[in-house]
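Chains: A, B, C and D, in written order; residue numbering restarts at 1 for each.
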């Protein structure tokens, strides 16, 4: 019996450069201006871009590797990397099953998902107070 | 019922019925008229050969007429051949004919069909301009000529729009295309488009009669 | 037109025919307007059969036929487009006999034709159509437009809408036996006269003869040498032949004017005469429409196959020059161009015979640019030559012929139709042209080789002619 | 399933032990699926974070549960994250634990509490004749249940072609007089999510979108244009073969093996609006055309009456042959034409006879 793979249906990934890279870089430039002037953050959803494999490689090469890498474990794994251009972040979200959920380039001082939320800080304060009480009362926690 | 189902269903069905009924009505009405026997001594008895010969040879002009008929004749060739390519070369059309008659043959690449379609429209537009501007044609033309032109060019244009997805949703374009074909089928028996059949009968008649006399055809 | 007075003839000048009327009467009879239109339409469709209907239904209005018509080509006036000439009759056909006639009448989709239109169309149906049939050759649908014009003339005639001279000629022919005054008495006198003058034995009203010789009244009245010429040739062949005073007039103005009844009367005269003398061959003169009328319609008028063969003089000459029963001297040492008469050649099927004859005479034939089936009409066929008001347009159409004849550079112009010759003579005078159209028959008669025949060449039986 | 104190969507995430970041990631992924501008993901997150989980009533009528089967296979958002975190599924006769009188009572209770605010999801067509007697649940007709539930709904989502357009129950001869939701619910916004079944992510994605932003932009069939905006044919990877005129003519010929266009085999891709060619099924694994079968056109109205799944789109659409009809037309044509010819001959004959009697014209 034939398996699905043996049916010679090939969807060839487009190898050619499409000029999307330049377009994305321009968008990043504009986004950076907006961040500097108004403090607005900007997100580019890469899955919505018709990028060829070549485009993708070119984009990754151009943006390069920065000094910061973060791993987020929430609803699966997420990888957050700073590019060689500070303020431009590459985010890759995977589901609990390791499937790619979304891939973004974010222009911000820190990606929104990284910063601790004010509500959470409030919760932290309460939980911290409780911890202090617990520690001071019972010695070692 | 949506427009496409209407077009593919009842509209097409009735158009075909009108087409068959009207065509045979007209053909029978002509061919069953009185035919007088010819008692004259024939110069040749090969009348069938004469009929077939003229059916074929009148497809092009005699040498002497070529210069004066070149333009009109060329336009005619372009849109007639174009229509044949489009009607009988485009795979969806072959499938339609197949569903109707069971006959099937290999289709042409769609790109060739699109180009012929575009050329056909261009030639038909040129033919219309010529009809409107040439004094002889303007004098001869009547409602039948213009309406037949319209019902001929419409399916080609709507077909091209449908494959190009221009102007509306595809199923709407397809429905409009099929409806325009219905109009063409329904009108064909009643106007000059009937020449798709009559051309053979008319040429054949002259070919046979003239072969009998040995006259020039 | 009074019953007593015959329409006067013009016997002087290059054109022999009905005298130019002082006052034209292009409408005949006293029908009311409505009755006239009705009659035209009814009589037009009366003779309609499947063939004419096929033609009427097939036109796609492509306008190509204009390019084949000498009247359009020389004037550029779109009304001379051949198919347009029968436009009212196309309407009538659609209303009266077409498959959808019921709807056409019920919803008045094709309105009734008016008398004004028919009067207007008289010029197109008669003056500017010689029924030469050149348009038939260009029509992409193969429509024989000339035959439709013939049918249209039926309607026009019955409605009394015929040009004055054509009516007069036809009426004179019906009454007197000849359109141009060649009564049996005149005919006999002329035969006798030419016999004496040319010293040739004539046969008149023989009880029995193998060949019945007929003549065109144009020949009898204007080119009487033809009488002697045909007699010379037939005597030379040693055939049994005769003229008949009860059947000699081969022209058929019934056909030209559109009166089917008169056409039949005129044809039956010849047929009955041929049967009376038990002829094996009815020999038609140098006349185009006589050929159409008798060769391609005679048997149908008669209602059964004719008990004799019908031959045009040119095909008769061609055949017997070829088989050696006519011996000619090869001394017509000149360049010749041949004008194919439309009804004999294009529409009759006789192409090679005249060329065989000319070659036998030793002439160098220089063909016209458009020859044989494509030959341009002289402009005078179909009765047009007789209509005075058509002169201007006829001369225009003639110019094509003139140009093409000049272009050949041939010294001599020959044809085998006396009506063409009449048209050529008249146009020659009009244009002060240097070419005269000569008769093929007379050329043969003038060059007969009267040396005794070689023993091998037996006297042919006239029945041996093969199609 | 019903919560006592109406937690917000975010709170519900947190109750499940999921962090705010997990919630943000959920929103980002959903926004990506919906092809929203990335910036709107933040908007979605903000909206959902603060809003109480909406009550959802899921009613099933003349249906096969295929749509729900499909829904359970949603990968993003998963059905679990949807029903545990995002919505409060108050009633679904297949998924809920409760049954019988208790279940019906729970539904009535939930509807009363959230009257005017809950989202009604309907799955299956609704028979109309005899007061809806052909489909009765717990002693009440589907017709009655729908009318009542729709009255208190903020919006009605018709899931599946049966609910959206009548689907299979509606197919000729429609013995139960089935109708679609939009035929019966006139005064509430209706969102159709057609398909037999619909793509699971399209169902969940539309629901989340609705929660965040309200009714999305709809096409003429009231389907969200973000999922139903283009035809399968337009986005089909086999489209280049169509353009080249290369078609499979049977399911086992050279063309089929080479993956050529399936138009000739009856593919309805050109007139079917859905996302199968882009989103695909089973977590983006494949879709019918990729598996070698033409599109059935299941997300379009009347797809079941389209003249046959293997009948090319360009063929005529009638049941049985047309040969008989054309035969009758042919015979009639010859007969009438013959009669017209005979009539014409008689007119000619009359003319000839009439012409003989009176004197000639002149």
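As a convention for this text, a contact is a pair of C-beta atoms (placed from the backbone, for glycine too) under 8 Å apart; a residue touches a chain by one contact, two chains touch by 3 or more.
The structure displayed is predicted, hence computed values, not measured ones.
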item: Lowest number of touching-chain links that must be crossed from chain A to chain D; value: 1
item: Innermost chain, where centres are averages of C-alpha coordinates; value: B
item: Best-connected chain pair, where connection means C-beta pairs in contact; value: B-C
item: Inter-centroid spacing, chain D versus chain B (mean Cα positions, whole Å); value: 41
item: Centre-of-Cα separation between chain D and chain C, whole angstrom; value: 79
item: For chain A paired with chain B, centre-to-centre distance based on mean C-alpha positions, whole Å; value: 63
item: Multi-partner residues of chain B (each touching 2 or more other chains); value: 25-26, 28-34
item: Residue list for chain C, restricted to those that touch at least two other chains; value: 48, 97-100
item: Numbers and ranges of chain A residues touching at least 2 other chains; value: none
item: Chains touching one another, given as label pairs in label order; value: A-D, B-C, B-D, C-D
item: Contact set on chain D toward chain C in their complex; value: 337, 340-341, 343-344, 347-348, 351-352, 354-355, 360-362
item: In the complex, chain D residues that touch chain A; value: 18-22, 24-26, 28-29, 31-32, 35, 37-39, 41-42, 75-76, 237, 257-259, 283, 286, 290-292
item: In the complex, chain B residues that touch chain D; value: 1-2, 4-5, 8-9, 12-13, 16-18, 20-34, 91-93, 95-96, 98-100, 107-113, 165, 170-171, 174
item: Interface residues, chain A side, partner chain D - complex; value: 4, 7-11, 42-45, 47-48, 72, 74-76, 78, 93, 95, 99, 101-102, 104, 112-113, 117, 119-120
item: Residue ranges of chain B touching chain C (in the complex, touch as defined); value: 25-26, 28-43, 54, 58-59, 61-62, 64-65, 68-69, 72-73, 76, 134-142, 144-145, 190, 192, 194-195, 198-199, 201-207, 209-210, 213-217
